[in-house]
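The chains carry the letters A, B, C and D, assigned in the order they are written, with residues numbered from 1 in each.
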Amino acid sequence: MSGVLTLPARRTAPGVFVALAVTLAIGWLVVTVDGGQLFSLPTTVSLLHVAAGLGLVAVGQTLVVIGGSLDLSVAYVISLSTLVAAEAMNGDDAALLPAIGLALAVSAAIGLLNGLLVTKARINAFIATVGVGLLLKGYLDNGYDGPAGKTAPALVQGLGYQRVGPVPVSFLLLLAVAAAAWLVLARTRFGHHLIAVGGDPEVARLSGVRNHRVLVTAHVLCSLCAGLAGVYLASRLGSGAPRVGTEGLYDLESIAAVVLGGTALAGGRGGVAGTVGGVLLLASIDAIFNQLEVDAFFKQVIRGVIIIVAVAIYARRALRKAAS
Amino acid sequence: MRIAESRVLPRFARVRPGGLAPIVAILVVLLVLLTLRQPDFLSPPSLMSFLGRSAPIVLLAAGQYFVIVSGEFDLSVGSLVTAQVVVAARLIDSEPSRSWPVVVVLLAFGALVGLVNGVVTTRLGVPSFITTLGMFLILVGAVYLWSDGAPKGGLSEEFRRFGRRAFEDVPALGRIPYALLILLAAAALAVLLSRSDFGRTLVAVGGNPRTAGLSGVRVWRAKTIAFVLSGVSAALAAILLGGYSGVSFQAGAGLEFGAITAVVLGGVALGGGRGSVVGAMLGALTLETLFALMNFYGVSGALKSTVQGAIILLAVAVSSVRSSSR
Amino acid sequence: MIRVITALTTAAVLALAGCATDEPSPSASSPASDAAGSGTGEQSKFFVRADYDKELALLGAAPTGPAGKPWEQALNPTMAQTAKFSKPGPYRICFSNAGLNNPWRQVGFKTMQAEVETHRGQIKDFVHVDAEGKDQKQIADINDLLGRGCDALIVSPNTTATLTPAVEAACQKGLPVIVFDRGVDTTCPVTFINPIGGYGFGHVAAEFVSQKMKPGGKVLALRILPGVDVLETRWSAAKVAFDKAGVDVVGVEFTDGDPAKTKKIVNDYIQRYGTIDGVWMDAGAVAVAAVEAFQDAGKPVPPINGEDQLDFLKLWKDKKLTAIAPTYPTYQWRTPIIAALKVLAGEPVSNPWKLPQPTITEDNLSEYVDANMPPLHYAMCGCTDLPGYPQRWK
Amino acid sequence: MADPPPSPLLTLRGIGKSFLGVRVLDSVDLDVRPGEVHAVVGENGAGKSTLMKIASGVYAPDEGTIDFAGAVRSFRGPRDAQRAGIGMVHQEFNLLPERTVAENVYLGREPVRRGLVDRKAMLSRTAALLDSIGESSLPPQARVGQLGVARQQVVEIVKALATDARLLIMDEPTAALADNEVERLYALVRRLQERGMGVLYVSHRLKEVFDLSGRITVLKDGRLVTTVDTARTDADRLVRHMVGRELSSYYPARARPDEVGPVRLTVHDGGNRKLRGVDLRLRAGEVLGVGGLQGSGRSALARALFGAAPFATGDVRLDGAPVRLRSPRAAMRAGIAYITEDRKGEGIVAGQSVLDNALLASRALLPGAGRGARAARVRELLAAVDVRAAGEDQEIRYLSGGNQQKVVLAKWLALGPRILLFDEPTRGIDVGAKSAIHDLVRQLARDGAAVLMVSSELPELLGMSDRIIVMRDGRIAGELPAGAGEEDVVALAVGAAREAAT
């Protein structure tokens, strides 16, 4: 027994990064044989942009999933956030910060609602967030018949198109948010409590953790991340778009990225590093298939298979660990 | 063994918490509101056609019930319905004689998808949310791929009558849609099944898998059968839906959420172990009534989802708070 | 907990009540249903009077260009010089596609591929990237294509407003950019190709429906989903026509393109109003379902419009409906290839390039009904002369 | 000695608590002084754990007051109690397997520096705490899931120590500890005592109680029997206080020799991850008791025989024929039933009705067959075991523990088992129902069943068994005949060395 004890508790990097490396290597080979270039500047930039949008949402989603919850309303929150931001800016750089603040505040309020429904009203997170999503959908459908508002030019230039070398500012934003989320999980009391609530709510409660408060906070943070993704998308699109979230399938894709990254859907296990890996994996598949001009529907089949296989592998590993 | 005097009370003294009362109450309120607006809604012809067109979602809810009560999710049913409808159109290709064989193929296909969902979930330890989400992506992608992006062929009238036609000139009722009869038969089967040994065992699996396993239940087998039932119900729903409205890539869109919502509205607990199939089916009927209600009240098309969302949240919140304050 | 429930109750009640008070004006319709003056509610912000007038004028204009080849014709052409893009072939032509997620785009894209095949000598490479209906991905796709040595870039934008910055960025690279179907809010592309457009479509259909029905009759408007510009313009033109004709638009409903939902909606409206005297739709996808709803309810099918999808045309012919099918022709997918080659050869092209937008009526219906093609094929594909017809489209 | 006793740290007055109508505590008074170890003893079901949970804020009392450090408290949760200075070592593990030792120890009160969790401080403080109880070999950054049971218990204790509590509640803290670890715990408790900390110490082991405590409170059936100074009492008197009741002193008559039939089940050299070299013979008509400390392999033996955690090695024979008990189903087919110790976790389906629970095993094993007759038979059985419920459709979670256990028994009896494995058959069951269960167990043996009964309650084990085997470290340490004394069992359970020392 004591031999086992000396093992370090921190686990090695999630398998998703191995998968990412293998995917990129094979992808690079195939694309090169095909006569293309996988790592050309524009392709890399595009890949990172796609990753940035999905990544911001997925990092937030990671937090609620670790807490044993789930947020299926993020797609609508994103759409709403693009609209709030773009309409409040109305093309005026002076309104930039207040508008971003407003968009984030609205998002946070929705997260608060989600959190209260899950904790105080004791509605299963699946139903609660689908329900809130429907509320928002009605608002968007009723209030908007197309893109509205105009993003401040400074934001478009800065967040939307500016880059440092091959790395877009938005991807740096993602890295910053992911690092912040990592810090929150690893180094704040809230983070520790969140992992505990997801791992075993009863243990958390008996240890003096205020489960409800923790879960509500996680939902607020998740919605904030979605709101931030919305601000980013507004900077890319130049305006608010009422269906950008749902068209992008950000709800299901973010969950896919989270589980690809090794976070357990049941909660209590996982982290944002894996999620970023999952996001990069999905974006790389996109990029490779783009280069090869593979049918989008075929890509979808592949994605479905990858998600199932990845989680099956994680499940097998967890099983082996439990047995050892 | 010493035989003591029976302390178990007779059947009429049953206590049944978490029963059908809430969903029946909601349904009645909606029906009253509907009848106030549209007095002839409950007249036989109107009611028959309403029940007929509601059959697919009610069937899906019944199938989803078995999966949810066993503690799992099936998010793949919507895409399965779409796939089935498109496959049916291509296989039948407007050729009447192929209708029956294709019905059989569809049922087998539904069962197969359910089997794969079940085996992957139970044997590979993948959470069913992920398994069926993956299956959702695979089915949608595959069916688009296979049909090259646009449905091919067409459904024969023979195939479509299940979902579209009716026994005409029935005394008192006017017409009885085939779909309604199929629904009634399937619902009766579902009720029987849910009361059967398997059905009760499945509830035990959802309620406490460890107890079930230690009582000799093969948990993985029970759950897999539940997924197969869901797949078969999706096949039936696809046959009726394809019949009702023809071939389209939109045929099954969003039905998985509709079915899960219906089941939860019907008092079935997500996570398993509680609820009845009748409740699930009533939940589906309630959702359909809600849609009709909104049509009759002229709720703006765009606002419908808000009303739907608010009512679902309200109903579920009330019932969950009720049951936890017990 | 109680507070949450109270809030929910309030929301539900407000939502229901808010709509229930629409009672007096039966048109519980999109954006704001309480506008008193017109029966169809407030005009969409997509409605631009000048464009509307221009488009309606184009309906009567005579096309220039080779007869029988509407995809090469232009209405009221205004030529743009392209000499600066002239370069020797063969070319690599790149195409950023909004999506392939509906039959219209599928038929169109196959038509485009076939068109490319007819120019095999001049086009060495045709690069296609599918944005899967996602704005964000299309922006990234366009950026990606800029690094792939394209000689010309064709864009079919997913959303007009949101794709504008990306298209502008592409123009700045000095590449000839050709936009078709939906437009962009910038003049930088070499040309913007599309048929007359949404106003024309909506107007033709609405005129027909209101003329064929009794005056003041009840019309049900069926729309696919809100917020798609092409569809919004169709509806805004229809509104004008309906208001002018003084018909009673009893409902504007979104079907999500789901035939089952369509049938339920139509069925409920038939029950609610007894009869519906006309049906207007912003796209043909669920026209058959709408017709079936009347058939199944045992009611005569009122004047209705569809699109050039074959299932509707067949039904129309078989059941002798009072119908019309304005089109948004898929042959427009041929034109960008033709235009790109012209631009790269330095030949002038019209900008904007307005294509004719034929309407299928009872008179020419039989020309378009082809029992051998699949039900969701679009008759107005202009593809019968292309290589691989009909197999490629089956 | 001459000093007046210091004013109490914790005072409980008139504490009462009921669960679903079952009275588990009735006007209990208790106080703990600073620097005092106050032991609470009583049989299983006496209400000790509930009382501790009330003191630590997990449950709110229905009646009575809690006075801590000079103020009346009404804790709204364990967090309140912790803040006030009451730490608790739980009987069941209260740890997150996925997290490190340090993270578990400081869960809910992580040290913070500049807004962030101070990992260094957390690790060093955990290390210091571990060191202070002589567990410095346990790395603070080890993942708890990788630790053995004993070390997890150590973490559990350290977790409570880390609260800077003024009062520490220890609920059976030594249940999983080895001898040297117990000694260390003693040293630790004494050190805490010197610092002026009060300790509420719940234990079954009288030796510990006498070694450590200053006063002892005896609970019985949810009531206070007495509180005595440890110095003024002895084990005999204490046991009389604990056991002194009429109902449980009665056990049904043992099997007469002519009632014991042939050997039903033999195990030769059975072993798996928790068991080694098990040799066993079980006869029809007898009740074979299995004793031993927690974790000694008692339950593992029952689970191995039931196929839930099968033997990996060895040879099992049923009526002389080899049989492979690889799964519960296989065991059930062979006529074996297993009544688990964890009734809530794996004995019942809480949300299902009495009838559904009683039918579960028959439905699983013989689906569909003769449903009407079977239901009638199960109803008869429910009546026969005297289940008291509002109706057969009542959800089983609303039943008392004893009635739940009877339903579980009916579930197994419906299969007509020939071998019954009882694991703590009367755990958490009120006194009246206990003897009913005892009667049922004996009656089953009398009707020809072979019964194996695991019990940690010595009176029950001694009173019910026709033979007793005692487990230690996954082996059968020895066998005792009917009529053996408690000391014999304890001696075998803890090993001869300890016996000599006592």
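Definition applied: contacts are C-beta pairs under 8 Å (C-beta built on N, C-alpha and C of every residue); 3 or more make two chains touch, one makes a residue touch a chain.
Just so it is clear, the structure is predicted and the values come from calculations on it, not from any experiment.
When chain centres are defined as mean Cα coordinates, C lies farthest from chain D.
Our note on geometry: chain A versus chain C, Cα centroid distance of 33 Å, whole angstroms.
Separating the CA-averaged centres of chain B and chain C is a span of 35 Å.
Centroids built from CA atoms put chain D at 45 Å from chain A. Contacts with at least two other chains are made by residues 1, 4-5, 8, 11, 15, 30, 100, 226, 254 of chain C. Within chain A, the positions touching two or more other chains are listed as 117, 121-122, 135, 138, 141-142, 295. Contact with two or more other chains is made by residues 149, 300-303, 306-307, 310, 313, 317, 321 of chain B. Working note: touching chain pairs come out as A-B, A-C, A-D, B-C, B-D.
Residues of chain A that touch chain B in their complex: 117, 121-124, 126-128, 130-135, 137-139, 141-142, 252, 255-256, 259, 265-266, 295, 297-305, 307-308, 311-312, 315-316, 318-319. On the chain A side of its complex with chain C, the touching residues are 36-37, 40-43, 45-47, 49-50, 53, 116-117, 120-122, 135, 138, 141-148, 156, 160-161, 233, 236-239, 241-244, 247-249, 286-287, 290, 293, 295-296. In the complex of the two chains, the chain C residues touching chain B come out as 1, 4-5, 8-9, 11-12, 15-16, 18-20, 22-23, 26, 28-30, 33, 100, 102-103, 105-107, 223, 226, 251-254, 256-260, 262-265, 267-269, 271-272, 285-286, 288-289, 292, 296-297, 311, 374-377, 394. Note for the complex: chain C touches chain A at residues 1, 3-5, 8, 11, 15, 30-31, 44-46, 99-100, 127-130, 132-137, 139-141, 143-148, 158-165, 169, 225-229, 232, 254.
Interface residues of chain B facing chain A in the complex, by the touch rule stated above, are 73, 120, 124-127, 129-131, 133-142, 144-145, 149, 257, 260-261, 264, 270-271, 300-310, 312-313, 316-317, 320-321, 324.
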